[in-house]
Structure formats: structure tokens, C-alpha cells
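In the part that follows, the structures are each spelled out as C-alpha cells.
Presented sequentially are two complexes of chain A, the first with chain B as partner and the second with chain C.
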Partner chain A sequence: MNTVLILLPLVLTILYSLATVPILVWMERRIAGLIQDRLGPNRCHIKGVRLGGIIQSIADMMKLVFKEEFLPSHIKNKFYYLVAPSIAFMSAFLTFMVIPYADTITLGEQTYSMQALPTDLGVLWFLAFAGLGVYGIILGGWASHNKYAILGAMRATAQVIGYEVAMGLSLVSMLITYGTISLNEMVSYQTQSFFIIPAWGIFIQPIATIIFIVTAFAETNRTPFDAAEGESEIVAGYHTEYGAMKFGLFFVAEYIAMAASGALIVTLFLGGYQLPYLNTADLVNNFELLLWGIIIFALVTSVLFLKWMQKHNIFAMSGINETKLYTTLIIGFTVFAVILMSYYALANSSQSAKEIGVMLLQFAIFTVKLFFLHFVFIWVRWTLPRFRYDQTQKLGWNILLPLSLVNIFITAVVVVAGVNYGN
Partner chain B sequence: MQNEILFFILSLITIVSSLVMISAHRPIDSALSFIVTLVSIAALFGLLNASFLFVVQIIIYAGAILSLILFIIMFLNIKDENLPDEKYKNYWLLGTSLIIAPFSAILVDLILRSNIAVNAAVHENFGTIKDVGLTLFSEWVLPFELVSILLLVALVGAVTLSKKEV
Partner chain C sequence: MGTRIVERHGNTFKEKIYLPAIFSGMKSTLKHFTDNLSDASNIPTLCYPEQKPTDITPRYRGVHRLTHRKEDDSIACVACFMCATACPAKCIEIVAAEREDGVDEKMPKVFNIDLLECVFCGYCVEACPCDAIRMDSGIYSVIGDKREDFIYNKAKLLSIKGISKEEYSLAK
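For the complex of A and B:
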């Protein structure tokens, strides 16, 4: 049990970062299809099972892995060329280590932290390794020895450095509000409520929220700030000369960076792993009631999902009958989950079982919020056109930076004047 | 024991990368090995429980300053034939190390004579942000403010110097 609970956040980090990449690629394509009024990839299948198109992303990943490793002959600095994607990947992955996935759990004597790295550095750790990610881009662009790559790397670097300032300053105002840098304590602050509004970062610091979300888009080089890889001007930017899994690492790193900033936004502004108004102790005390609520919710959603699936999954493939398989799986899984949960709801379960149950629920809440943020990221990408490069710089230095400074000033005045948010 | 092994590995990385930084021919090699030096020094801070210094070292030096330096080196687009022919580099290195040797001897002697207890227990909050902040703003307010004025002057100076040509 000891080892499991220590390893659990590490495994979750890998799941939330690496294993969500195929799902994110799938979401990106299907939501693009939805927004542009088409279907998106949905034909790729293994023996007739398509999983709504996820198999397509798996096929793409396989393609990247098994592609020939090709080294352009004009590359002189082979070491820098090869090490660049791994720096980008590593720093993106490391930013994920401090995100709390659930409240600290106490079983008997031992207390376990549900962060991969149980440190109270929190936000600072994120900033440190998000900053290091620039080296991957700079080195990749420089070592590619290609005008397009260098231009892309310069754009990306200037953008990341510029927006990092506004990001850091918007974080400072959040630190003043919460009075801590530990992400876990920030989440527990957000369980309070302010009249009837939950004291989430997005409600008590709307300006900082907007600045942080905008800078997060720019930091991760996502549209509307992806002039660094504007294909109509500079081919693919800093990874023009990269192929196979070397490109794959850059690609995955970009998605992990997006997932990490999404996770940080959830933690800072959307209440993290907590439900509004309820803190962990409330959840543990009303565990039976909570379970019955979840059972009803699970039944309703799976019936609705089943109906929706049977209505829409009409495209017949060769191989096994997909609709039948999914119906069996959904019904089987729901029945299994409901039986399991009613056992725990009826049997007078022990304190540690309750705590573990609440922990699992908090993982689920965090996941739902995180995927909502992913949806927002993708939604913005397919809605807004790309900013011109000078517009990006102007927005960063002339608007976001002064705005975040003013926000810090106002926050400091309010906090010093003794107005207490929450309670 | 683990700490000692880590310390030796990290200090080996620090020394080797700083040697490479001094002796490298191309500026980009120097800058990159300087990053390695800074990150491994940050790790040494982390090993000494100074977690705030660890993070600040990475954010400020490795994350911000060095990326600007690298950015400029990239911008200049230095070709190998533009670099000076450093024929007497090894003699220079030897000469300077001979000059520095007595000072290093004094430093080593000082460290050996000082009564810093090895593995002395530090109090629980040592090196955390709260502790560093309280010390900085209670005992060292004046130097702290003076340093920030110095930085401000440098900032204003940089802006005026670069504005001149417009």
C-alpha cells in the first residue's frame, strides 16, 4: 500500500501527460471537424473497432515511431540537433510534476502527497521548467542550419520570453491573494465560498485569470500565437528539419506543455480537484450520500450515452459489429461500477476506504476539469485566426504587462486594506 | 551516503562543464556548458536544502538570462571562420591559473580552518521561501533595497543606451 500510494502520482503524471497525447490529437481533429462542419478522421479501425477515431491517432503515433531516422547531411552540430527535442520534451514533462491530483491523504500514521514531486515550491517549479523549454526550441532552430528554422526559433523565443514576464506577474497577484505558493494549499483555499460564489481564482481574480490564460496560449505556441510555426510564411518553423520520432518528440512536447498549463489553470483558477463549496473533510464525512449521488449520475449518463451512441454509430465496418460491442461494454461497465459502489455505500466501510474513495473522486473531478480546459484550448485554436508577429509582441508588452502590474497593485491594496476574500 | 554520491556527481559535472565553458572555441558551446554549470549548481543548492535558491537559480539564470545570451549568439550567426585564431590559448590558461593559484590556496586554507560543522543540522524551515523572505526583509532590508536601486539604474541605462540611435 505504501509503495502504491507513493508511485500513484508518478503513474498519474505519465497518464495525464504522455497517455493523453493520442486522445488530445483525436480531440483536436474531431473538434476541428465539428467546428468546420465535417466529420474528422473516423475510418481507421482494428477489426472493426474504431473507438470514434482514436485508432487513427494510434496509427499516426506508430507511423512516427517506425519512420526511418533521417539526418539531413548539412547538419554540422549533430549533438545539438539531436539533443534539442529531448530538452523540449523533458522540460515540458517536468512542469507536470508539481500538479496536485488530489488532496493529501492520511492513512493511519502516514501522509501521502498526491503530487509526483512532494515539494512546496509549486508555481515556481512550473515557471522554472517552462522557462527551460525555450532551449529546446532555440537549439533545434539553430542546429537545423536553415533560415526558416532560425526564424521560427527566434519568433518562438522572443514570444516565450516576453510572455513569461506577464505570466509571472499575473501569478504574483494570485500568490498575494492565496498567501501561499504551495499548489495544494491554493486548492484548499478555493473550497471556501464568497456569499454564494465559490472562491475560485476565476471569480476573485478575473483579470489575472485572463492574463494567465492568454500567456499560457502564447507559452505553449498554440494558435492564435503560433506565428513561430506559421506554415504560410516559414514552413514549419523550428522543426522544419526534423523528421520521424525527433519531430514526434517536439510534437508530443507541445501537447504535454499544453496539458501542463491546462492543469495549472485548473489548479489555480478553477478550484483544482475540489468540487465547489465542499472540502475534503465534508466529502469523507458524507461518503455514503456522495456514493448514492454518483450512482444516480452514472446510471443517467450511461443511459443517455448509450442512446446517443446507438443513434449515431451507424457507419458499418467489416469485422465485428461495433454498436453491439459498445452496448455490451457500456452496460457491463455500468452494472459493475454500480454494484461495486452500492457495496461500499451499504457496507459500513472503514475510514481509509472512504478516504481512498474520495481520492478517486478527486482524480475524476480533476480529469473532467482538465479535459474541459483541453477543449477550450482546441476550441480557440479552430476559432481565432493567427496573430501577426508584431501584434503578438505588442499585445504582450504593451497591454498584458501593464495590465498585470496594475492588477498586482490593486490586489496588494485590497489585501493590505484587510478585505478578506472568502468567508 | 546517497547525498555524498550525488554531491560528487554534481560537482564533477559542474567542474567539467565550467572548464568546457572557459576553453571552448565556439561561443555557443561556452553558453551551453554554462547552462549545464548553472543547472548543476542549482541542484547542489537543492542538495543543501536551499530549495528557494534552487528554483530561483533555474528561473533567473538558466531560464531567463542564459536564454537571452543564446538568443543573441544565434542572432549574430557567427561562422567558424569569423572566430579568432586562438593559438596561445593554452598558455593563457596556464598563466592565469598560475596567477590565481595562491588565492585558491588561501581559500582552501580558509575553508579547512573554519569551524563549519559538516552535516550540521539546520532548522526545519531553512531555505524555504518564507524563511528567505523574512530574513531578507527584516535583517537585510537596506542592502536589498540598494541592490534593487542598482538594478533599476542598470535597467534605465540599458534603455537609454539602446534608444540613442533612433
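For the complex of A and C:
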């Protein structure tokens, strides 16, 4: 149990970053399709099972892995050329290490932190590694010895100094508000509520939220700030000379960076793993009530999902009858989950069982919020055109920077006044 | 001629802070997304092998066919080589023979179209003086295992049915 609970956040980090990449690629393509009145990839299948098209991203991944690794002969700095994608990948991956997935859990004497790296330096760690990710891009663009690649790298460089200041300053105002740099404590702060509004970062610091989300888009190199790879002007930007899994690492790094930024936005502004109004102790105390709520929710959603699936799964591929398989799976899984949860709701379960149950629920809440942010990232990408390079600069230096400074000033005044004259 | 003043956009405060325009754009894309997610049947995408296109008209240039005469159902072609001459891809091979049954003077003994070379330009149809070759079959997909499968001979071309109302050759 001890080892399991220590390893759990590490495993979750790998799940949330690496394992979600095929799902994110699938989400990206299907959502893009639906937004543009298309269907998106839905035909790739294994013995007739398509999983709504996820098989396509597995096939894409396999293609990238098994493609020939070639090294363009004009490249002189082979070491930098090869190390660049790994820097981009590693820093995106390491960014994820400090995100808390659930509240600190106490079983008997032992206390376990649900962060892969149990440190209080959460925000600083994020800033350090998120900034480092751009070095992979710059190094890759420079080592490629290619005009388009170096143009992309230079755009990335200029963009970094444009947004990174505003991003740091918007975080500073959050630090002043929460009075801590530990991400876990920030989440517990957000379980309070002012009158009827939960004290989520998005409600108490709307300007910092907007600035941080905008700069997070720039930091992950996603539309509308993806000038570094602007395929309409500079072929593919910094990864023009990369192929096979070297390109794949850049590609995966982009999605992991997106997941990491999303996770930080969830933690800072959307209440992290907590439900509004309810802190962990409330959840543990009303565990049975909570389980009945989840059972009803699970029943309703699975019935709705089943109906939706049977309506839309029209064309069967050769092989297994897909609709039948999914219907069996959904009904079977729902029945299993409901029986399991009713057992725990009816039986007088022990304190530690309740704590673990609440922890699992918090994982689920975090996942739902994270995937909502993934959806927002994708949704924005397929709505907005790319900002011109000088517009990004202007936005960063002329608008976001002064705005975040003003925001810090106001926050500081309110916090100091609250501390000295409040109560 | 007066000068028309074109109104420049993007200078008001509302437009400069971007966010209202961004949110209205996101609202529009979200509407498309939710509409299509709740009812995918409105999406015009064809799931091809299961759904076939329904908008193929007689004017669609599909696989060629050779027409028949209305009087006796025999071949309408008189082997004049006009189509083979007009063909930019040189994919039509004709060997002429004398017609013994008295309906006409000449007919093709061999009439081969190599569909792998054909560019489906329709010049052969326009060149034909006897309305003997047409492309109104509506066939858009030709499948074969080997190269020979794509060379359509006289019997094959005569057997293809058209999708237009005029089944026979209109030539007098």
C-alpha cells in the first residue's frame, strides 16, 4: 500500500501526459471535424472496432515510431540537432511533475502527497520548465541549418520574451492573492467561498486569469500564437528538417505542454481537484450521500451515452458487430460500477476506505476539468486565425504587461488593506 | 465619379481588446460543434463505400459506353476513327471491318478503350458523328486486379447501360 500510494502520482503523471496524447490528437481531429461540419477520422479499425476513431491515432503513432530515422547530411551540429526534440519533450513532461491530482491523503500515521514531486515550489518549477521548453524549439531551429527552421526559431524566441514577462507577472498577482507558492495550498484556498461565489481564481482574479490563459496559449505554441510553425509562411517552422520520431517528439511535446498548461490553469484558477463549496473533510464525512449522487449521475449519463452511441454508430465495418459490443460494454460497466458503489454506500466502510474513495473522486474531478480545458484549447485553435508576429509582440508588451502590472498593484492594495483593516 | 470612403474596422476600444470578437467567434464554432455532435446526420460528409453519391447526372463523364441502333439493336458505331483522332490520350484502338448485314457500310471489329490512359476529357463523345460513344454510364469507380482489366473491349462497352433517358443512338 505504501509503495502504491507513493508511485500513484508518478503513474498518473505518465497517464495524464503521455497516455493522453493519442486521445488528444483524436479529440483535436474529431472536434475540428465537427466544428467544420465534417466527421473527422472514423474508419481506421481493428477487427471492426473503431472506438470512435482513436485507432487512427494509434496507427499514426506506430507510423511515426517505425519510420526511417534519417539525418540530413547538411547538418553540422548533429548533437544539438538530435538533443533539441528531447529537450522540448523532457521539459514539457517535467512541467507536469508538480501538479497535485488529489488532496494530501492520511492513512493511519502516514501522509502521502498526490504530487509526483512533493515540493512546495510548484509555481516556480512550472515557470522554470515551461520556459525551458522553448529552448528545444530554438535549438532545433538553429541546428537544422535551414532558413525556414531558423525563422521559426527566431519567431519563437521573440515570442518568448514577449509573453513570458506577462505570464510571470500574472502569476505574481495569484501568489499575492493565495499567499503561498505551494499548489496544494492554493487548491485548499479555493475551497472557500465568498457569499455564494466559490473562491476560484477565475472569480477572484479574472484579469490575471485572462492574461495567464492567453500567455499559456503562447507558451504552448498553439493557435492563435503558433507563428513559430506558421505553415502558410515558413513551411513547418522549427521542425521543417525533422522526420519520423524526432518530429514525433516535438509533436508529442506540444500536446504534453498543452496538457501541463491546462493542468496548471485548472489548479490555479478552476479550483483544482476540488468541487466548489466542498472541501476534502466534507467529502469524507458525507461519503455515502456522495456515492448515491455519483450512482444517479452514472446511470443517467450512461443511458444518454448509450442512446447517442446507438443513434450515431450506423455503418458497421467488417468484423465484430460494433454497436452490440459497445452496448454490452457500457451496460456491463455501468452495472458493475453501480453494484460496487452501492456496496460501499450501504456497508459501513472504514475511514481509510472513505479517504481513498474521495481521492479517486478527486482524480476524476481533476480529469474532467483538465479535459474541459483541452477542449477549450482545441476549440480556440479551430476558431481563431493566427496572430501576426508583430501583433503578438504588441499584445504582449503593450497590453498584457501593463495590465498585469496594474493588476498586481490593485491586488496588493486589496490584500494589504484586507490584512490591516479587515475584520 | 466620387471617392468612396471605405470604413476601417478595428479602431474602436471594443475591437481593440479582441475578447468580444473572440467570444462571438467561439460561440459560433461551439454551435456548429454541439449541433453536429447531437445529430451527425446533418453533416454532408459521405461515408463512401456504405453511402453512394446520389447526385450523378447524365452529364457526368463516367466510363464510356457504345450505343445501339434503335431499329435493330446493333452497334451504332461506323468505325470512322473520329474519336480515336480526337483523343488526346490516344487510348482508343479501333480496327474497322466491312458490315455484311446491310444496315451500314462499316463497323468496328475491335474497339478497345484503355481506361488507365483515358483522361475522361469527353472529346471522343463530342467528336462522334453518330452518337455512338457516350460517357453517360454514371460509373465513377473502375476496379481491376491487373492492367488488362482496365482495357474495355467492344462487347464490354456495348453492355454498359446509360443513366440518361435516351438509351439508343440519336443519329439518323
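The rule is simple: the second predicted complex is superposed on the first by the 418 of 423 C-alpha atoms of A that agree within 3 Å, B and C clash if a C-alpha of one lies under 4 Å from a C-alpha of the other, contacts with A are read in each partner's own complex, and residues count from 1 in each chain.
The definition used in the following text is that a contact is a pair of C-beta atoms (placed from the backbone, for glycine too) under 8 Å apart; a residue touches a chain by one contact, two chains touch by 3 or more.
Small disclaimer: the values here were computed from a predicted structure and weren't measured.
By the touch criterion stated above, A:142 is placed in contact with chain B alone, chain C being left untouched. By the document's definition of touching, neither partner reaches A:236: not chain B, not chain C. Looking at the superposition, the partner that touches the larger set of chain A residues, chain B or chain C, turns out to be B. Look at A:312: by the touch rule set out above, it reaches chain C but stays clear of chain B.
Of the two partner chains placed around the shared chain by superposition, neither chain B nor chain C is touched by A:207. By the touch criterion defined above, A:18 lies against neither chain B nor chain C after alignment on the C-alpha atoms of chain A. Legend: residue contacts after superposition of the two complexes on their common chain; A:35 is shown touching chain C, with no touch to chain B. Of the two partner chains placed by the overlay, only chain B lies in contact with A:131; chain C stays clear of it. Every residue of chain B that touches chain A in the complex is listed here, in rising order: 28, 32, 35, 51-52, 55-56, 58-59, 62-64, 67-68, 70-71, 74-75, 77, 128-129. Against chain C, in their complex, chain A makes its touches with residues 31, 34-39, 210, 308, 312, 314-315, 379-380, 382-384, 399.
If you check the complex, the residues on chain A that touch chain B are 80, 119-121, 124-125, 127-129, 131-132, 134-135, 138-139, 141-142, 150, 153-154, 157-158, 161, 164, 181. Across the complex, chain A is touched by residues 17, 19, 22, 25-26, 28-30, 32-33, 36-38, 40, 42-45, 47, 50-51 of chain C.
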